[in-house]
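Right, one structure below, let's go through it.
We call the chains A, B, C, D, E and F, going by the order they appear; numbering starts again at 1 in every chain.
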Amino acid sequence: MKIGVLKETKEFEKRVALSPDVVKLLIKKEFKVIIESGAGESSYFLDADFEAAGAQVVPKKEVFSADVFLKVNAFTLEEVAEMRKGAACISFLYAYQLPDLVKAFKEKQIQSFSMDAVPRISRAQKMDALSSQANLAGYKAVLLGANHLGKIFPLMMTASGTITPAKVLIFGAGVAGLQAIATAKRLGAIVECTDVRPETKEQVESLGGRFLTVEGVEGVKVEGGYAKEVSAEYLEKQQQLIREKIKDADLVITTALVMGKKSPILVTEDMVKSMKTGSVIVDMAVESGGNCELSEKNQTVVKHGVTLVGESNLPSLLPVNASQLYATNISTLLLHLANSSGFTYDQEEEIAKGVLITKDGELVHPFTKSILNL
Amino acid sequence: MKIGVLKETKEFEKRVALSPDVVKLLIKKEFKVIIESGAGESSYFLDADFEAAGAQVVPKKEVFSADVFLKVNAFTLEEVAEMRKGAACISFLYAYQLPDLVKAFKEKQIQSFSMDAVPRISRAQKMDALSSQANLAGYKAVLLGANHLGKIFPLMMTASGTITPAKVLIFGAGVAGLQAIATAKRLGAIVECTDVRPETKEQVESLGGRFLTVEGVEGVKVEGGYAKEVSAEYLEKQQQLIREKIKDADLVITTALVMGKKSPILVTEDMVKSMKTGSVIVDMAVESGGNCELSEKNQTVVKHGVTLVGESNLPSLLPVNASQLYATNISTLLLHLANSSGFTYDQEEEIAKGVLITKDGELVHPFTKSILNL
Amino acid sequence: MNAEALIILIYVLVLASFLGFELISKVPPTLHTPLMSGSNAISGITIVGALIATSEMGFTTLSKWLGMFALILATINVVGGYAVTDRMLKMFKKK
Amino acid sequence: MNAEALIILIYVLVLASFLGFELISKVPPTLHTPLMSGSNAISGITIVGALIATSEMGFTTLSKWLGMFALILATINVVGGYAVTDRMLKMFKKK
Amino acid sequence: MSNIVQIAYLIASVLFVLGIKFLGKTKDARRGNMLSAVGMLIAIVATLTTLEIMSFVEMFACMLVGGAIGLYYAKKVEMTQIPEMVALFNGFGGMASLGVALSDHFFKTQVQGVEIDTVNSVSIIASVLIGGVTFTGSVVAWLKLNGKVSGQPITFSGQHLLNLLLLLTFLGVAVMTYLFQIEPIYITILVAIALLVGVLIVIPIGGADMPVVISLLNSYSGMAACATGFILNNNVLIVAGSLVGASGIILTQIMCKAMNRSLMNVLLGGFGQTTSAGAQDGPSIVIKEIGVEESAMLFDSASSVIVVPGYGMAVAQAQHVMRELMEQCEKRNIDFRFAIHPVAGRMPGHMNVLLAEANISYDKLIEMESINDDFANTDIVLVVGANDVVNPAARTNPQSPIYGMPILNADKARTVIVSKRSMGKGYAGIENELFGYPNCLMLFGDAKQTLTKVVGEMKEMS
Amino acid sequence: MSNIVQIAYLIASVLFVLGIKFLGKTKDARRGNMLSAVGMLIAIVATLTTLEIMSFVEMFACMLVGGAIGLYYAKKVEMTQIPEMVALFNGFGGMASLGVALSDHFFKTQVQGVEIDTVNSVSIIASVLIGGVTFTGSVVAWLKLNGKVSGQPITFSGQHLLNLLLLLTFLGVAVMTYLFQIEPIYITILVAIALLVGVLIVIPIGGADMPVVISLLNSYSGMAACATGFILNNNVLIVAGSLVGASGIILTQIMCKAMNRSLMNVLLGGFGQTTSAGAQDGPSIVIKEIGVEESAMLFDSASSVIVVPGYGMAVAQAQHVMRELMEQCEKRNIDFRFAIHPVAGRMPGHMNVLLAEANISYDKLIEMESINDDFANTDIVLVVGANDVVNPAARTNPQSPIYGMPILNADKARTVIVSKRSMGKGYAGIENELFGYPNCLMLFGDAKQTLTKVVGEMKEMS
């Protein structure tokens, strides 16, 4: 089986789907790997490194001879056009947002698998790129925020006076939120966090953060570890809590996502206005609409004296680690689905079933189907 | 006594000489304070804040009616031109580098005091702006470096693989260096540090850093806590050590200064070449020539695959804290030298003697004199 | 036994008991068994009583046999007790 | 005094001394003075001796006077000792 | 008795005092045992000189026989059987006291025909009671420990009532014994009751509690010796006996505390020594609990330790205690490492963050793949608030939601100590059969609190 | 003597034992004193019942006078003068023993005209010697302490020789006393020598060592009481006397250790009373040491603690231990805070970084300005590797390089415990006179190691 790795084409994307280490591993398993020249450059993986690992580094055109294509971001229509019929594709697809791509896959009878659809079960953890990337994003969000802040994080009692610790307010204690708590805490900030899922309280506290509980309401439906629906009453009480806390915050990091939906607005313009001048909001949900009304995707803007960081691709700012981890995730999935002589998966097996989007010209993924109506 | 605070004019400078808190304190001591409108803006101190504290906020022109002028950076010739004869000036002057300014002071018979000349004795610690700013700079250098690095600092063992901790190499364990060690360590990096002063070993270790000792040589003259002269043999051995260590470093922070001299070159072009692609050097000595041959003042450049951060004014990137601390420093010095009815200092007293640069048309500061030959 | 002699014996008893309490205040768990065994050997001091019994009362059959029986048991207790304690403690040394 | 009585008194002495050693093992410095003072009061137990002396020997002038002298001193020691110790210890409590 | 003998007794008493004192100190324990043995020798020799040796031959024969038996068993017994050996020896000591008391009684009543005074009489009766109870109690303890009798508590209804009745009867008969000294029947009944009581009070106690019982019986045998001292008006018996009696009680209490039980609780017995897992579904697992002290002793004697931290460590914020444990172990040259499971905790790198905070150097943290083969050669694995990541179901049970997840082979270690609060489940919400493995010991309680205690114990030991 | 009296004596003895035991524990000390006072009362009342009260009036008069004097001075004395008061009382105790011994001697030899046996004779002579030495020794100590005699050691050449000669003479005359009991001159000489020796052995000892001397003399007065017990064949005197004698010796040793002196060193005297701080320049400082256990006990009984961390804490990496100490203190409801000096350590915020690493919450860290007034109401200040930041020279000595630097008012606290390795200087390179303050105790050793031990002790206590 010949694996083809394409260079990412998305703006600002610095990651690459495989790392030299992982290439070595795949070669050992008797796969062939061809990589577009310069694909790893912005992750500081040189072509030479890949070659040393056993891959062939080739111009873009030649990559299309592969049987299975690996990428970080979704494939472009142009790329699909170059592939041979019946090839396979693996990457983050978020297929439910890309009807054209799905159509192209169907037409070309391409078997496509989506990294964002890996089920979050124990044995799939090694393939869970959402987690691995969110984790890095959580770290990076804090660093970005800290860098935009006119103050330092830790308490410092010095001869020239005492610097009070920065207050960091985090929304959402998922993978990214927890890592953000840990990182902000390490740097010495006072960290508070709120989440709709009540079990996150213990998790937040286990990292030294303070959990803000929305008092006196239940009304959150949690399904498979994801927040699915939140009652209106809850949202109102939550708003109240945020309104109160956000006034003192120096750095706000929002990570609240609801799978497959626009992310909830947690920070309104009013709230931004109430914040201290010079404070910073990092909106990690900006890709899916943002948790803050004012944040702008891929831009850092100052509004009402507050710096709003709308970086939509945080993991890409840590390309070395992000690519390393992603490579492990995607290769583990590939090895789960195939061996060197071809795909071997059982379509009813949970993981395969979860990730398979199109096959033999059909859209087979139920969730994607339900949204795209294709 | 009327205190005038001018808005900083230097490029990228975000600090201001007084903070509202300190203004309040001075007002209580019966000083008058007039502040140039917008002076605190980039430190997020609003004119309204200053007014609330009791200062008069006025256009630049009117500030010149003051008796004593406070600034962060050295006064410009234009500013001096506007002052009345016999006025007083306090700021970082580095007077030995500014013969023209000194001349202007002499002509206008201005009493000038330099913050960088505060003697480093115990009771002057509250006036020690070098320390307070270096401290912030040390923190910021790490954050900047971490932000430019394509990896995260801490060790992380995850389902998608283990991320090895970043290696941070720090040159010089002065105030800035130590804070850099502390910050990098907090974030989870492995930190190594080297300094010419042997007593810093214990200090580095007290912060969890590893000290790199240049073996088998003595040859460092330390005077009053400052490294004064380093023997050639020492430098050579040190170079050898650095050459060996720098290959593995992800982030290098250089802080080595020698008072009144160009800072020593510790990282040569060769060494930069030997570093890993994607690694970062933050040269904190760039203002006084740089510790790295390739770093460029006020610029971030990539050379030989290494990102070189040449930010010359790191404290200014933390304007809130930097201004707060500086305001404490400068006001403490002012209160040491004067009360609300005028200057009262004894010219032979150690601190006064240390900071006084010009008085009654004379350059009285011995060190400055020795360099400028005026 | 006259009362005065008794009282002074009680003094001895009381003081020795206090001493027993004070001597053992903190014992690391590893020493619990050896201490138990060692003090068990000491309680074999009954051997002195047994000796006296076999000797002084050595005339009647029953008393004598009882005394001898007691003497054998007490000797086992004493000799075995000290020996086994020593064995245990020797082991600790090794580590 | 016959030897047997002496020996049993020595038992008492030895056991009490051991006990004295064991009782005081670790004392915080703040308690050094109170402890000294308190045990000093206890050593005023000579008062019992003095009582016996004044009473039993109360016939000769010299013995009697000596006894009375001893009694006064011993009483000072006892009463003063306990009172001052208590005063000291009360101070500690206040905190 | 001659003065020299008395002085010898005094010296012996002092040696016993020193002996017990030193026995409580790790460094001096052996010397302490020697000292007290020397004391014993002095006491014996001194006694021999006083005797009008009528029955020299019998006496030496008895001592030879007794000494040989004692020495033989002391040398032969296996280390693991020492507690039962001690129990047996102790029983003999009690029986000897009983024998001496009886002998004295018969001698005075039957041979000399003298009236036994109250003190003597009380002493004899006390010696019979305590000696008798010590003997049969010790024998039962011995039988339970070496498995000749089931280690299970043997209980029946009315047990405590029966004991009470027996004691009352004893008191009644005791009075009779005093009043009708010449009648041997009464004292014989006393002996019988004492022996019976000894059996009855030990059978309801479970095998795991036996050490405490033996310690208590040891204290009793001291008291019996003391009573014998009163019979014979012998100081050394009184001193040695009361020393052992008092120190034995204290030791018993220390041991009870170490087992986290009250003495009452042990004596009333019948509570069983196994706690069954509070599992509502699935087959319930039989687990073994371990206490703080025993854990400390296990660590103390280990040569390699691996810690498996999990989410519970984070919840308990026990990371700092782990560093202390590490320091204690490293002081003992114990190889000490952390095995970090990639998904331990609730976020990637959760354990790393916490252990870094506790200043545990990175090279102590070993990845799963690198350490998984080392478990088999490890003395102790301490699982701190981890559950799913050491659940063998992931290897063996295809039905399990975690099947296929790689896990840490903690179960392969010689001993596994699991610190968690209860039998509560982990993230995956499933039972963990590891907890029921024969090499697994549960250390229940909040991880921070219990492990702080373990570390405290270890500090004391050194 | 009636049995009831004997039993009363036994009870009194037990109460003395308990009294001394409790006096050594911070919490129970007062109760201990009460217990022993009750014991004393019982002993006195019991004694009174046995007496054929011929001289009822005199006896009560004496007790009234003595009691009144004792009570008066005990109430009146200022707290600072208590040690000298104790010395005086102690001397009286010794004199009383001497008086009883003399009285007995005269009674037997002059009135009854009986032969005094060896034991009695030895007892009387011992009582005279020890009682006499105690008396004059205590009086000299008292004079030295209240300044009536110079606190300086008074030495002359041949001092030790003279003492030796006197003791030999004493022995000689003692033999004469025994042989020629009827001659009062010998015993009178003995008294004179004993009194003289008491003076001679105390004058060469400096004022600062007086507490140790008093403690030793206290032990002596116990022994004198014990000797008196042998004279009168009285158990309670023997028990109480030997308890005080033995515990006094131990206490003396503890005090010597706390002063870092050997007892010999103190007794041979003439070395000057100051341990000189290893200072080459400047006046040397007299310091008091404290051990790990005593520190733990101090913490245990405190109600407020402030920790002043300094560079030494960083060097020792003792921050984690500080958290443990905090936990231990907070468990005891002790108010526990850290006072952070702005320039503690070697970089701004040095302490903050470390304490944050140890997970000590920010609200426990108090700035200098906010906490400086609280020191005066604080039981214990623990200075951990700080030096310059608590050096009072900054307030008082304009010549000092740190003059004018604001410092933490650690010296104002009731007790200051300083944890550092030695008398080493800090950054500024100057002596710290705080270490010599009367409320300051030095806990020498690496901060992490010693404080770990302190915390260990505290854990055991709870």
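As a convention for this text, a contact is a pair of C-beta atoms (placed from the backbone, for glycine too) under 8 Å apart; a residue touches a chain by one contact, two chains touch by 3 or more.
What you see is a predicted model, and the numbers here were worked out from it, not measured in a lab.
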{"item": "Steps in the shortest chain-to-chain touch route ending at chain C and beginning at chain A", "value": "2"}
{"item": "Comparison of B-F and D-E (more C-beta pairs in contact)", "value": "B-F"}
{"item": "Most distant chain from chain B by Cα centroid", "value": "C"}
{"item": "Geometric centre distance via CA averages, chain E-chain C, whole Å", "value": "20"}
{"item": "Distance from chain D to chain A - Cα centre to Cα centre, in angstrom", "value": "82"}
{"item": "Averaged-CA centre spacing for the pair chain F and chain D, given as whole angstrom", "value": "17"}
{"item": "Rounded Å distance between chain E and chain F, as computed from the means of their C-alpha atoms", "value": "40"}
{"item": "Overlap residues in chain D, where contacts from two or more other chains coincide", "value": "8-9, 11-12, 15-16, 18-19, 22-23"}
{"item": "For chain E, residues contacting two or more additional chains", "value": "13, 17, 21, 235, 239, 317, 342-343, 348-349, 353, 356-357, 359, 460"}
{"item": "Chain A: positions in contact with at least two other chains", "value": "125-126, 131-132, 135, 154, 156, 158-161, 163, 186, 188, 208"}
{"item": "All pairs of touching chains, each written as two labels joined by a dash", "value": "A-B, A-E, A-F, B-E, B-F, C-D, C-E, C-F, D-E, D-F, E-F"}
{"item": "Touching residues on chain E, where the partner in the complex is chain A", "value": "311, 314-315, 317, 342-343, 345-350, 353-354, 356-357, 388, 394, 401-405, 428"}
{"item": "Chain E to chain C touching residues, read off their complex", "value": "13, 16-17, 19-21, 23-26, 29-30, 32-34, 36-37, 39-40, 43-44, 47-48, 51-55, 58-59, 62-63, 65-67, 69-71, 73-75, 77, 79, 82-83, 85-86, 89-90, 92-93, 95-100, 102-104, 106-107, 110-111, 117, 119-120, 211, 214-215, 218, 221-222, 224-226, 228-251, 254-255, 258, 293-294, 296-297, 300-301, 457, 460-461"}
{"item": "Residues of chain B that touch chain E when the two form their complex", "value": "154-163, 165, 188, 190, 208"}
{"item": "Complex contacts: residues of chain D adjacent to chain E", "value": "3-4, 7-8, 10-11, 14-15, 18, 22"}
{"item": "In the complex with chain F, residue positions of chain B that touch it", "value": "121-123, 125-126, 131-132, 135, 138, 175, 178-179, 182, 186, 202-203, 205-208"}
